[in-house]
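We call the chains A, B, C and D, going by the order they appear; numbering starts again at 1 in every chain.
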Amino acid sequence: MQRQDLSQSYATIRQLTEKLCRPLALEDYLPQPIQDVSPPKWHLAHTTWFFETFILKKYLCAYQDYNPQFNYLFNSYYQSMGTPFNRPQRGDLSRPTVAEVYQYRAAVDDQILNLLKTAAVKTNPDLKALLILGLHHEQQHQELLITDIKYILAQNPVMPAYSPRGSKISGREKQQVIPLNFRTIEGGLKEIGWPRDSGFCFDNEMPRHQVHLAPFRLANRPVTNGEYLAFIRDGGYSDFRHWLSDGWDWVQANAIQAPLYWQEREGEWFERTLSGDGPVDLHRPVAHVSYYEAEAYASWAGKRLPTEQEWESAAVVASGVENVAGSLLEDREFHPAAPINATANGFYQLTGDVWEWTNSAYLPYPGYRHSADALGEYNGKFMSGQMVLRGGSCATPQNHIRLTYRNFFHPEKRWQFTGIRLADNL
Amino acid sequence: MQRQDLSQSYATIRQLTEKLCRPLALEDYLPQPIQDVSPPKWHLAHTTWFFETFILKKYLCAYQDYNPQFNYLFNSYYQSMGTPFNRPQRGDLSRPTVAEVYQYRAAVDDQILNLLKTAAVKTNPDLKALLILGLHHEQQHQELLITDIKYILAQNPVMPAYSPRGSKISGREKQQVIPLNFRTIEGGLKEIGWPRDSGFCFDNEMPRHQVHLAPFRLANRPVTNGEYLAFIRDGGYSDFRHWLSDGWDWVQANAIQAPLYWQEREGEWFERTLSGDGPVDLHRPVAHVSYYEAEAYASWAGKRLPTEQEWESAAVVASGVENVAGSLLEDREFHPAAPINATANGFYQLTGDVWEWTNSAYLPYPGYRHSADALGEYNGKFMSGQMVLRGGSCATPQNHIRLTYRNFFHPEKRWQFTGIRLADNL
Amino acid sequence: MQRQDLSQSYATIRQLTEKLCRPLALEDYLPQPIQDVSPPKWHLAHTTWFFETFILKKYLCAYQDYNPQFNYLFNSYYQSMGTPFNRPQRGDLSRPTVAEVYQYRAAVDDQILNLLKTAAVKTNPDLKALLILGLHHEQQHQELLITDIKYILAQNPVMPAYSPRGSKISGREKQQVIPLNFRTIEGGLKEIGWPRDSGFCFDNEMPRHQVHLAPFRLANRPVTNGEYLAFIRDGGYSDFRHWLSDGWDWVQANAIQAPLYWQEREGEWFERTLSGDGPVDLHRPVAHVSYYEAEAYASWAGKRLPTEQEWESAAVVASGVENVAGSLLEDREFHPAAPINATANGFYQLTGDVWEWTNSAYLPYPGYRHSADALGEYNGKFMSGQMVLRGGSCATPQNHIRLTYRNFFHPEKRWQFTGIRLADNL
Amino acid sequence: MQRQDLSQSYATIRQLTEKLCRPLALEDYLPQPIQDVSPPKWHLAHTTWFFETFILKKYLCAYQDYNPQFNYLFNSYYQSMGTPFNRPQRGDLSRPTVAEVYQYRAAVDDQILNLLKTAAVKTNPDLKALLILGLHHEQQHQELLITDIKYILAQNPVMPAYSPRGSKISGREKQQVIPLNFRTIEGGLKEIGWPRDSGFCFDNEMPRHQVHLAPFRLANRPVTNGEYLAFIRDGGYSDFRHWLSDGWDWVQANAIQAPLYWQEREGEWFERTLSGDGPVDLHRPVAHVSYYEAEAYASWAGKRLPTEQEWESAAVVASGVENVAGSLLEDREFHPAAPINATANGFYQLTGDVWEWTNSAYLPYPGYRHSADALGEYNGKFMSGQMVLRGGSCATPQNHIRLTYRNFFHPEKRWQFTGIRLADNL
């Protein structure tokens, strides 16, 4: 990526973040209804803090903090940068105002773009790497913006809409579901992880290494709402045999009976989306299920979830010969869609639409070492208690996702667009 | 009060509520940092809901709800009106927007004022009584608005100010503390409570009844910050002997070391006020202490808190011959002040500046019966677990407070302007 | 009380404690199923610690602690004696063993009785007062022993019995309920509290003082199970209108539907007693209700609870002319009973059977001052957040109860034998 | 294993359980100070319930439950057998008494041994398999008995001892630490898991399968107390850089500063053991550390934890040529010991002394399927949120441990004898 391109990318990606906020009322920038969900205002400020902290402060001589308190308020979890502001209280902050945060963005953008005009980038690969990391960080928060806005609006009894229904969502009749089938993948030694020196990836995707896999079978597409509804109607949520022990406790303690955002009214199921409330569309991929639900569904279906190594090895091969992409952020569907004009012969939606829970815990790859500086906190310290998800969703930017991308969440989390792709033994 | 006056009062009081919000940024209307504190937006809407629910729906034929969801969202605790929206989630609601809430206020105000133009009020004492109740309800929320805004701004590390320092606050040199003394009050049979048919009071101030009091002594003024600081410096917070058992547990569990909003920095004490952060002014009445702290201070000082009957009987007599008022809302101090030009001979600040904790539990007066309709929920159902406070504060509207007024809070609450007046046995 | 008598009382009362434990299996001495309930072993040790700490250590020269760790383990709440062992963990202690605790009792008893043989008591009124206080303290724990044993056994699915059914309990046919009526009590100035120099009382019963009461009416007997069942069957637990706000929250949060120990099976109500499980006897006084339930029942019945001053003034007068006592500990019923051979003309069961919730908060009498030493912690520091109960129960020793006796519990507590006597305005 | 042998094994193993309880006072059988720790009485009953439920009820015609309530009380987590008794309340049960539980054991033992005398076992491989499973289950609870007894006694301020110090523990001078070194293990394809048809193993050790490992290095012995103390003294517990994010939160929230049972007194470290309290012995393996602590220690040391596949492949090879065993239950040390007469050339203590945390999440092996009956709940449903430990401890029976054995605990658990063996990349 050249300097020119980098400036262009910077401007485009930063602008997209703001563009995603355009449908919001000013009031929508503030609430934090649950700890996982951050106020949109916070996302706008935190991503800016990232550029200021890791680039401007390092590469600009005599840089003056834009506002010293922002170091504390908008640090997410970097202990190296000082104790961060208490996460559950992000929604308690009325100040700085939204306008002040936009001013903060503009000021940092100016300085970054000025910096990019100097020769620094060309001669300084570290700076360039940090900028690219910052942009991917921004893109991660674009996805979080969408899912957090969804939660903020959907939990409000007034239920405001964020966007009109997307084109793929406009008519249920246009949706069709391709038959579910399982494609066999050969076993043997496989290369897993991102190849060194082939562009950006997060440190957790490396080092590339060999694993041995037994042959297995992987579903051609994600589980649909219709299929998931059969699990519900079969009493899936009240039969302990399908559930992990922790999952069963979670179901009981929280009286879980359906995916997040689903609601039964007079025998019919409705779902809250970014375009408002409507009947559950049976053809679309099921979303907003926890790992526990994904695992229980697979058990009920007599199948299992793939490991992340199985998923990646199948996806890498398939992507060489077919189009495995579903809807991504740029499609502006803001909701998982069914594939159009699909045939039964390929893998569908390996990227996009819904993140797919794997049966792999989020742990370091063999030989993984995180960096010693503050950015060493980016990924490595979360390698405990979380499960890996693969493939991106309808809220993931297109040039952000990779087949080696390892997303991770605690097994009970549901506010992301998280779905299910089944696997099976041979 | 005539119809004309009532319209005038309605307009004035409703406008004051909005005027109190004028210094706010739009973002300040939304947060709910603790359950006790409601978002200013909620106060604006709830007081409007009160008039719509208890007057417009009752007295306007074929009245159409302004927005049926508001019945649910802005009902505080009236079970008779349906299950209220979950209180701790008031801060999670971005919608309706602030502008929409102001429109709601305007629409209800229009209808109320139109209603007042008809003959209804003259011929309908119930309607008139409801209107006056609604206005006193609005005034209660004016006080809460001020204390909630204080909490919202003060807990923000950015610490924005609501107002410039008041005139009484402008110079520490002008403040002087009158010497503390205790005035003896005769014992005997006393009349307590509001006399029937002498204007508005809340139902909990009635019926007027006789109590027998032993003679006692009551302090001429509230305890000052300077006096309270002596308690802190004497180790008051770490000596269990001064504390009620529940109070001691509360101090330990919450690591309490000073009144709310106080902070020690390098050996000096600072206090957050609605005008920002500054050194604790030793001459002002101490505020933002819990009942436990008030009780412990009194124990440390070798004194006690008055009962509400002692307080009322002393105040009623004194108010007949002296000016016992301190700063109230209309003084726009927004902070307790020391009396100016005071001599040692009177009672000072019996109303205004700080609410004064009494050693009386909030319980019904002999013969008290709450009304059978929804408004029976206004006061009576809270007669459990709370302590009575008397006298109003710097955030109480002048024509809202009475010497028989019974305010009540749980013993650990501190976010109101709550202070201490000592009593003693003869 | 002479020295001889004191020794006799000491021996008798201390032995009764142990006698009450005789039906227990050794295992029953240990559990603490909820924080309120202490293991019987703990009661045996703590009452002994009381005599060792406040008498032996003070009056025996060069007294050696029986076991220094017991100072910590068996201190209940006397901060003056050092930080007490954490209350919720009393049930975690297997050691000292039960046998070791009985040895501790025997050793302290020996020393106390030896001390009583010396002249000390005659010449030392403080020692005598402490001994009498220690014996009343022991009697308080006799009541707690019974109620705690009841809880320990009743919460066990195996449901073992403590004692055979008492004679009054042996046949339902013998029970008859006298008709409920309300007796009018004159208003005016009344003397409340224990008269100085007329024998032992707790400090919270003093000083005796005057109150002015309006005339009122008081029920001749407690509310029965049958009457309470009518409240249940009328939907009393699901109608918010009867409940204090805190009570309603408590009912919802804990899914309360009946008194503690009641259980509905196939449409009939059963109750766990110290003699095992059986049908609810409609003629007996209802027990194990919280203050919230008592208050809600009274509201439903169109009546109210008496204040403690009303209760005491009525009881003192009645006791001069009639037998107002019900079953006490010495009757060994271990369960509230209906009065036998009662007529409708008197007050029944003012003492005994069930403690009666009053509508008075537990607060100091005018002029109350607790002592400055450790025993000042006995009562005074609990004067916050609790309600007063009067009259004793079937688990209260006969020579322990007085008509001026002020018992107190938090409003949600139910594991004591707590019941309801109604009052009404004239 | 022949029928004769099986009877012999049954009798021996069941007797050992009771023998392990012999040092207990009757009171020690009852407490449950934390949820993880079950009362010894419960262990005695639950293991008996296992044989009654899964064997007697299945193989004895017209079998009458010993006590129907025991099905509920002593079911641990088998939802297939009905809702189990609430785990945190196991310590609230005084009944059945300890003597009754021993009677229960004797009665079930009689019937099992009678059953074994019949021809059933010879002709019924399922019964034989269930019996062997039951015995391994009993052995798991023998280990838990020891660790739970340790917790019960150690948390008591009286601090009673369970056993005299073991021979290896008798003199600190006899202890010597072999130098730490790292042995290189070749990479490549490895067989992991228990070979089919080669005797008993738990289902989670199967199926045997291939993995590919990069070459790595593994420490010759566990980390010692002395080495761990260096971590503490270097500020390890207060430097976030060593910790996983969840671990850091756990350290902060629980104020963790040392392994469980360690206490600093006047600058020296002491440790509570089953033989009482004493100075930390620097030569012994560190025990009672959580996964978080193990991981943080490894990070501080510039090393890492092994995966379970690395551990197993190294252990299997080593055990073919050297004695890799440390102290096990039969050694009756009841505390990790340092190896005696060790040289630097071998692997030490791969089994025994301390369980070794691996960096592997507890997940199913490829192709794992749990059985469809109740025993399918034995292992599979716990494959979530836990980390694998390998090698057994000083509380593990010798014929119970295997090199393929997968133990698992949540990452914060410390009450087992859990320690650390370091690994490193080549």
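Note that in this section contacts are C-beta pairs under 8 Å (C-beta built on N, C-alpha and C of every residue); 3 or more make two chains touch, one makes a residue touch a chain.
If you're wondering where the values come from, they're calculated on a predicted model, not measured in any experiment.
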By label order, what chains touch chain A and chain D together? none
Sort the other chains by how far their Cα centres are from that of chain A and give me the top one. C
From the mean C-alpha coordinate of chain C to that of chain D, what's the distance rounded to whole Å? 47
Measuring from the mean C-alpha position of chain A to the mean C-alpha position of chain C, what distance in angstrom results? 60
Where chain D touches two or more other chains at once, the residues are none
Which two-chain combinations qualify as touching? A-B, A-D, B-C, C-D
Inside the complex, what are the residues of chain C that reach chain D? 25-33, 69, 72-73, 85, 89, 91-98, 152-153, 155-158, 160
Under the stated contact criterion, what part of chain A meets chain D in this complex? 77, 79-80, 189, 209-214, 240-241, 243-248, 291-292, 295, 307, 359-361, 363-364, 366-367, 376, 381-385, 411, 425
